[in-house]
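Both complexes below contain chain A, partnered by chain B and then by chain C.
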Partner chain A sequence: MKPLWTVLALTTALTLPSIAAAREVTLTTTLREYRGENAFLALYMTDASGAYVGSLWLAASKARWYDSLSDWYRATGGSYAEVSGITGASVGAGRTLTVTLDLADALIDAGYQIHIDTAVEHLYSSPSEIVVPLTSEGAGTPVAGRAIIDSFTYSM
Partner chain B sequence: MSRILHRWAALPLALVLSLVAISGAWLSLLPLNVAGAGDSSLDLGQFAAQVVAAVPATEQIRRTPAGQVTAVSFDPAVGMVETVIDQASGAALGPVAETPFATWVLDLHRALFLGDAGRIVVIVASLAMVALVVSGLALAARRMGGWRAIFLPVRGGAASGRWHLMIARLGAPALVLSSLTALWMAGATFGIVPEGTMPPEMTPVSGTTGMRLDAMSALAGVPVTDLLQLQFPRAGDANAIYTLETTAGIGYIDQGTGALLGWADRSLTDRIMDTVHLLHTGEGAALLGLLLGLSVLAMPLLSGTGIAVWLAGRSRKPKLKNTAAEEAETIVLVGSEGGTTWEFARALQAAITAAGGTVHLAPMSDFEPARYRAARRVVVMAASYGDGDAPASAKGFLDRVGQMPKPPAAPLAVLGFGDRAFPKFCAYAEAVARAAEAAGWHMLMPMDYIDAQAQAPFKTWVGRLADAMGVSLDLHAPASHEEMVTLQLISRRDFGAQSQAPTSILRFQLPRISLMDRLRKRGFARFAAGDLLGVLPVGDSRLRYYSLASGMQDGFVEICVRKQPGGLCSGQLTSLNPGDQVRALLRPNPGFHAAEGPEPLILIGAGAGVGPLAGFARANRQKRPIHLYFGTRSAEGEMLFGSELTEWRAEGRLASLTTAFSRSQPRTYVQDALRQDGARVASLIAQGARVMICGGRDMALGVAEAFDEILAPMNLNPVLLKAEGRYVEDIF
Partner chain C sequence: MAKQLQRKVGVAAVALAAILALPVFAQDTTALAEQAAQRLKAAAANPADACAGMTEERNGWFDRIGGIFEHDDDDDDDDDDRGRGRGHGHDHDDDRQARDNLGCIPTDQSATQNGSQPPANGLFNPGSAPRAQLN
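Now for the complex of A and B:
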């Protein structure tokens, strides 16, 4: 999948004071070879207490299935405003989703966590299948999922 | 309008709709067989505890609307594992069986394997399905003579049309329901139909863990059958919660206290979707689903019969060369709905052309009196549709007659076509005649009627038209050569050789049938006893018609021919030897078919008229009660089909055989035999029997008188029976 460029500017926590205070981060998510339809993924961030701060990417072709991404849905109410401009197609089994975006420096090494909710129609959903802190140190280290994500890595 | 919409919505979508319907019918079987479905005495807390005991790594318990419960767990080696759970006990029944075929069928059903593009095609087809049912019902109401008559028995017309209507009436409710629910669900898939329940507000978590599921107050008393999904908290995260979704709503449960942290009732849109889903899939109401699934199988049948109707209609479209309206002496205007009246009009056109006249043939809707400058007469041949409505090709005719400043100089002849089985027989043609009279249009001859496409009255009418025109018209000249085939005689049986009325049963080999005829089921590709064989004698251009005594299934073409003194065609036919050939064509005569049904048949025939009746008995494999009254001259040498009739009587193909001999002592005719049998005949009629008569005009009159007497005590008569389609005559 080709890299997708985006600037997060929707929520207070992620708002960039200036582009200079941001860093380019690439999120790479590879799915397992499961049997079933394409998966929906919600990539978003929480603070250290687990409270939602903003969405990074939503891979779900149809709004109909937003609620099966249940942690993300619980935090956002499935609001389209949360993901306007940062949505893309659902992802097939064995495929890799790569998202590149500019993240504010203030989010890095500050206890913020990247969450990924996943769901497959007619199969199952896995809220917060990935929960990983966003740290300089953790960059480049693959993390295994507990449902359909084979590995998740972020690099900066 | 309805017809055009119906046809052009149906043709391109027949295949798509048939695929969707067949796959849907198959899918409707699935909810009948769900592993582990059954009643449970456990509440959701106890049940979930049993599931966790059986599958310790459970992260999610799900229940489909069809009643299958599964536990989802994670195995680092293979990924997610889904285990079927027995709904009654919570015990594990083994991994979920893979159903690649069901998945394949579902993909075909929803998207024709084409993803979103396919989904859109299916959506358009579903919309078209609704349009088809609505326009189809409008057509049916027109055909049947009103919305109230729409569920009356279907009579008349070609078999494909009758079946189309009968299947449609059965299948329409399920087709509409399935289409509308499909559109609703597709609307949700594409985000047009709102869906989803807003998540509830949540009070803070306790931060503790380890509460047993069967001790949780939030799960106590919740029926297992209400469950949609129970999502377990992420292991090792004390802030995570249980998320419970049931048919009642969505709630969050604290993993340490088991208390409800928030609750939202299921939204109205989700409840509507639950009902729509239930109605469309039968998941949760398997028998209803099966009923709907079977009903939508009407769709492929409707496609087939609909295409047959369309092909039959196409082959009836006008195709002769036409004189321009300004130059023709005779203007023939046709008001026809399905196209049968065009056949009569073309026959008339060809006959007038053959007699040296010029004809302009046009639909009544093209009526333009100002253009008819050379016209000496205007002939209107008009069918009625349903409740006396204007047929499709006559739209606007009456208005234009009413608006004429002065009537055309050329006088008018009106011939109405209809079927006495319908309530307003020939009502439209009558309206035409009245309007013409009101406009002061001079009539060439009085208006006349043709009932049920009968050939003989049409011939008579053409004779009168010829007299009025001062010419001689040869109605059967028009046989187009492409319809003619060569028939080879296989065998002949002769009767009454010594009498003045020698009669032969001639049996011909089935001709070769072209692929096109086979596909369109026309010509010799499909015929039954009672249809007509048009024979072209050598040295003449006029066809002579004989009723067929055999059907396609008998594997031969058989007719009875009585040698007429000086008769050209009958003389040639009765002198044929096996191996000799004749030129002939097939003319369907649906008005004189032994329509299927359990009710008894009373067949009455004299002389060669026994031919089609014998054919009905021969085809009577299902042994419906057929009572044959056969009049002939004597028992010696004049019993047509004698040995077969005895045989069929023994086999039960004939329930009874009554003969009347007009040259034996005492002389009896079939009408005498009927009178003697009056009580039985009356009781058969009371059972719903249908009467079919074949023979000469005098015999038919005598038989009608006999029936008048027999039926009088029942307040019935042949005319009333005719109106019900229960008294039909084939007279020569």
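Now for the complex of A and C:
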């Protein structure tokens, strides 16, 4: 009987942290009603020192234009490995992109920042148009971008 | 007299050729329209299947009904695609609408379907599946 309890305790101890260590975060980005083609968006995260940590989502249709998302591209070189499994269609004017992710708890209230680079063919290239810290306090507070992002909000 | 007869024969030949050719054109157009309608119906019934086939079919039926919006592989201005006598006269707004009607989110060549595994970059909960939606 004792070995059974030992195994149960061990599996519980191993499983619980992984359940507790993640939180569902929803990133909602609404674009302004600009005149132009669909926008490319790169959502990514930097640490407290401003260094790139990883990508959260890439809304872009053609790899050859990834370099328009200049801050993100500088950090990643446009590597597909950085965005494998987290890419989608580019976003039209006035549209809202909602991305839901299970993020590690350690990222919240720890100085990490969400960045959004945007680009519209022939019109704009707006690196780090949004930069907001990922904090419990900041959740639900809309932030406006300086070019084409009407509002960005995250909730958790 | 002979000239008049020759002209009449010529006109008759052209008319006959037109009559014979018309059904062929009509059939082709009808078949394409029916095919597109069937695919749209199937897509509406099961959007996930339609999404899965989008990348593979980007040069097939979907282009014909205006499904892929980023398919001008040349580097010229997109205005050329808007039916001003040059390009292929394809309106990107129509494309966008057609794509949206199918209820598919990832439609691009680099896109992944909802539920794919994210990269192991330390940000994501291992085994989680990011989801995206466009409204």
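The rule is simple: the second predicted complex is superposed on the first by the 138 of 156 C-alpha atoms of A that agree within 3 Å, B and C clash if a C-alpha of one lies under 4 Å from a C-alpha of the other, contacts with A are read in each partner's own complex, and residues count from 1 in each chain.
Just so we're on the same page, a contact is a pair of C-beta atoms (placed from the backbone, for glycine too) under 8 Å apart; a residue touches a chain by one contact, two chains touch by 3 or more.
Note that the structure is predicted; figures quoted are calculated from it, not measured.
Novice: Aligned on chain A, chain B and chain C: do they clash or fit?
Specialist: clash
Novice: For A:45, is the partner it touches chain B (first), chain C (second), both, or none of the two (neither)?
Specialist: After superposition on chain A, A:45 lies in contact with chain C alone.
Novice: In the superposed arrangement, does chain B or chain C reach more residues of chain A?
Specialist: Looking at chain B versus chain C, the one contacting more residues of chain A is C.
Novice: Once the shared chain is lined up, is A:60 touching chain B (first), chain C (second), both, or neither of them?
Specialist: Second partner only.
Novice: Contact-wise, after the overlay, does A:95 reach chain B, chain C, both or neither (first, second, both, neither)?
Specialist: Touch partner of A:95: chain C, not chain B.
Novice: So, does A:81 touch the first partner chain B, the second partner chain C, both, or neither?
Specialist: A:81: touches chain C, not chain B.
Novice: For chain A, what residues appear in both contact lists, the one with chain B and the one with chain C?
Specialist: 62-63
Novice: List the residues on chain A that touch chain C in their complex, please.
Specialist: 18, 21-22, 37-38, 45, 53-63, 80-92, 95-104, 107, 121-122
Novice: What residues of chain C sit close enough to touch chain A in their complex?
Specialist: Residue list for chain C touching chain A: 69-70, 77-78, 92, 96, 99, 105-112, 116-119, 121-126, 128, 130-135.
Novice: Using the touch rule from the top, collect the residues of chain A that touch chain B in their complex.
Specialist: Its residues touching chain B are 32, 34-35, 49-50, 62-64, 66-67, 70, 73-74, 77-78, 123-128, 131, 144, 146-148.
Novice: What does chain B use to touch chain A in their complex?
Specialist: 59-60, 62, 72, 74, 76, 79-80, 82, 98, 188-191, 195-199, 202, 231, 234, 237, 239-240, 243, 252
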